[in-house]
Amino acid sequence: MSAAAATLPPALAPTSGVFAQGAHHFPVRVYFEDTDAGGVVYHANYLRFMERARSDMLRLLGISQRGALDDGAGVYAVSHLDIAFRAPAKLDDELVVISRMTGVGGATVSIAQQVKRGQTLLAEASVTVAFLSAQGRPRRQPREWVALFTSITSGEPSPQ
Amino acid sequence: MSAAAATLPPALAPTSGVFAQGAHHFPVRVYFEDTDAGGVVYHANYLRFMERARSDMLRLLGISQRGALDDGAGVYAVSHLDIAFRAPAKLDDELVVISRMTGVGGATVSIAQQVKRGQTLLAEASVTVAFLSAQGRPRRQPREWVALFTSITSGEPSPQ
Amino acid sequence: MSAAAATLPPALAPTSGVFAQGAHHFPVRVYFEDTDAGGVVYHANYLRFMERARSDMLRLLGISQRGALDDGAGVYAVSHLDIAFRAPAKLDDELVVISRMTGVGGATVSIAQQVKRGQTLLAEASVTVAFLSAQGRPRRQPREWVALFTSITSGEPSPQ
Amino acid sequence: MSAAAATLPPALAPTSGVFAQGAHHFPVRVYFEDTDAGGVVYHANYLRFMERARSDMLRLLGISQRGALDDGAGVYAVSHLDIAFRAPAKLDDELVVISRMTGVGGATVSIAQQVKRGQTLLAEASVTVAFLSAQGRPRRQPREWVALFTSITSGEPSPQ
């Protein structure tokens, strides 16, 4: 955690969500920027919400994507995504993105994600991310990250 | 075509792409807004490119989404999307989005879309859009639109 | 506050920031979506951060923009914005947007906003928003809102 | 111009706009992604339109931002922006961004930009961009670029 975060009062530190029941839960509020002239959240913006959630899931696990980017270790990129839109979200809605790791390969991770408003399912997706070198080639993920991911997918106690 | 378009010199009218060989072809250039700190186009932005292409495919067919929105006829919303990311796009790249209608139902249309840079396939997607009422309920598409879509999917001469 | 919010555990309710020392403080974390190929936050995205902060400042004051939109009362639109970019923000940075109302007119509000990372000023802006009718015409703000705004700008005790 | 561009039929090459009467003119169409629940273009998206126009103005002058980024020469970043929003744009609108260089310094360029729909002025802005090194420090612009900019601001014949 950065020095800046350490000095922020709790209400001013951005949330990273929480792990509960083997899944990561992450809150999102809908702002004007997220909506379109149809009066609902623009479909591509669900992918932004889900990426925020995946990034903060890694953050809670102690993985720094910024660090990996800066030192040239590599970067995660989405290689496949399948998403069904079930119901629309609107301005000011409070959503939760629920993310569950479903598979860990040498260079890839599979994640099932849902976007819900209360008990209403708005969107659900299967996402595969691949770890890439700075040159854009698939690259083996750090061994300790794989161990972390495996512990989560196998249902071991979550880190929080 | 709108009155505004009619008065613009050709170089200043935004392109709507062209139909060729049963598919709609639409050019996109990559700007800073489309990229992320990984140095490549952010994955969700391919969905923006593909939506621009679908909108202009409808426009070339003579369908006004703005008109349908304004008069309360309805609006198309993505109900399902499956996308594979094959290779990254970078700043200044000139891309083409190729869209092909693959199925027409009462309230839905299926479209296969590819994003290419020259001969290189960067992303390919299957997209289903549903026609919705102003209240967000699935609604039968205008009969004349279905006829247009069917003529395209059946390989009849394209409108251009 | 919506029913959904009432049922979320605190860690899962999106923050609306806090009022302190006559200003609204709102946390933002930088995700991949916010950055560009230059490796820093894309300049237009500061406007998104600042709009989120303004929206949540209104929310904390008890004003529902969604309500005003749905019942046709009106909507706030930015009419003028002056922004100086002092230093870049990067992926994973934890920022705070500080917003201070500086003037209240019949149909407009002026707000001074800063984006900071710790003690470092990244951007500062003067923003004027105008209240518009559903037809897009300037419209007198609700009297009770003006009273709220005036109490804040005059340095009276903040609502939290 | 890239090899890809050379092989595209004219209708499939993205436009870079044109120089006319000492200013750069660039067309933009409004898509769903650009609008918000207020039914108009989201204010921050005008900055995206204006950045596309500035990028293509440089492109027409023969300046490659991608090249400068890749070889570490530097990158332009907005340092100051003042924008007035005069009238809203809506879905499907065809806009033109008119850009005029108004000043050239050692490390900065000033540009006046307007966004119009036909004869209607929607937004006008004064923008200052600074040339930055890969480390984010202001850096002298390449001498030949300054010469190009100066020739434009002084009203000499435009390059097209």
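By letter and in written order, the chains are A, B, C and D; residue numbering begins at 1 in each of them.
Here, a contact is a pair of C-beta atoms (placed from the backbone, for glycine too) under 8 Å apart; a residue touches a chain by one contact, two chains touch by 3 or more.
All values derive from a computational prediction rather than experimental measurement.
Colleague: Taking each chain's centre as the mean of its Cα atoms, which chain lies farthest from chain A?
Modeller: So the chain farthest away from chain A turns out to be D.
Colleague: Comparing A-D against A-B, which pair counts more contacting C-beta pairs?
Modeller: More contacting C-beta pairs are found at A-B.
Colleague: Taking the mean of the CA coordinates per chain, how far is chain A from chain D in Å?
Modeller: 34
Colleague: State, to the nearest whole Å, the distance from the C-alpha centre of chain A to the C-alpha centre of chain C.
Modeller: Here chain A and chain C have centroids separated by 25 Å.
Colleague: Quick check: how many Å separate the C-alpha centres of chain A and chain B?
Modeller: About 28 Å, centre to centre.
Colleague: Would you mind listing the residues of chain A that make contact with two or more other chains?
Modeller: 32-33, 37-38, 40, 44, 48, 51, 69, 90-91
Colleague: Name the shape of the chain contact graph, picking from line, ring, star, complete and other.
Modeller: complete
Colleague: If you look only at chain A, which of its residues touch chain D in the complex?
Modeller: 32-33, 35-40, 42, 44, 90-91
Colleague: Going by the contact rule at the top, pick out the chain C residues touching chain A in the complex.
Modeller: So the residues of chain C in touch with chain A come to 2-5, 7-9, 11-15, 17-18, 25-29, 31-33, 48, 51-52, 55-56, 59, 64-66, 69, 90-94, 96, 117-118.
Colleague: If we count contacts the way the header does, which residues on chain A are in touch with chain B in the complex?
Modeller: 37-38, 40, 43-45, 47-48, 51, 69, 75, 77-85, 87-88, 136
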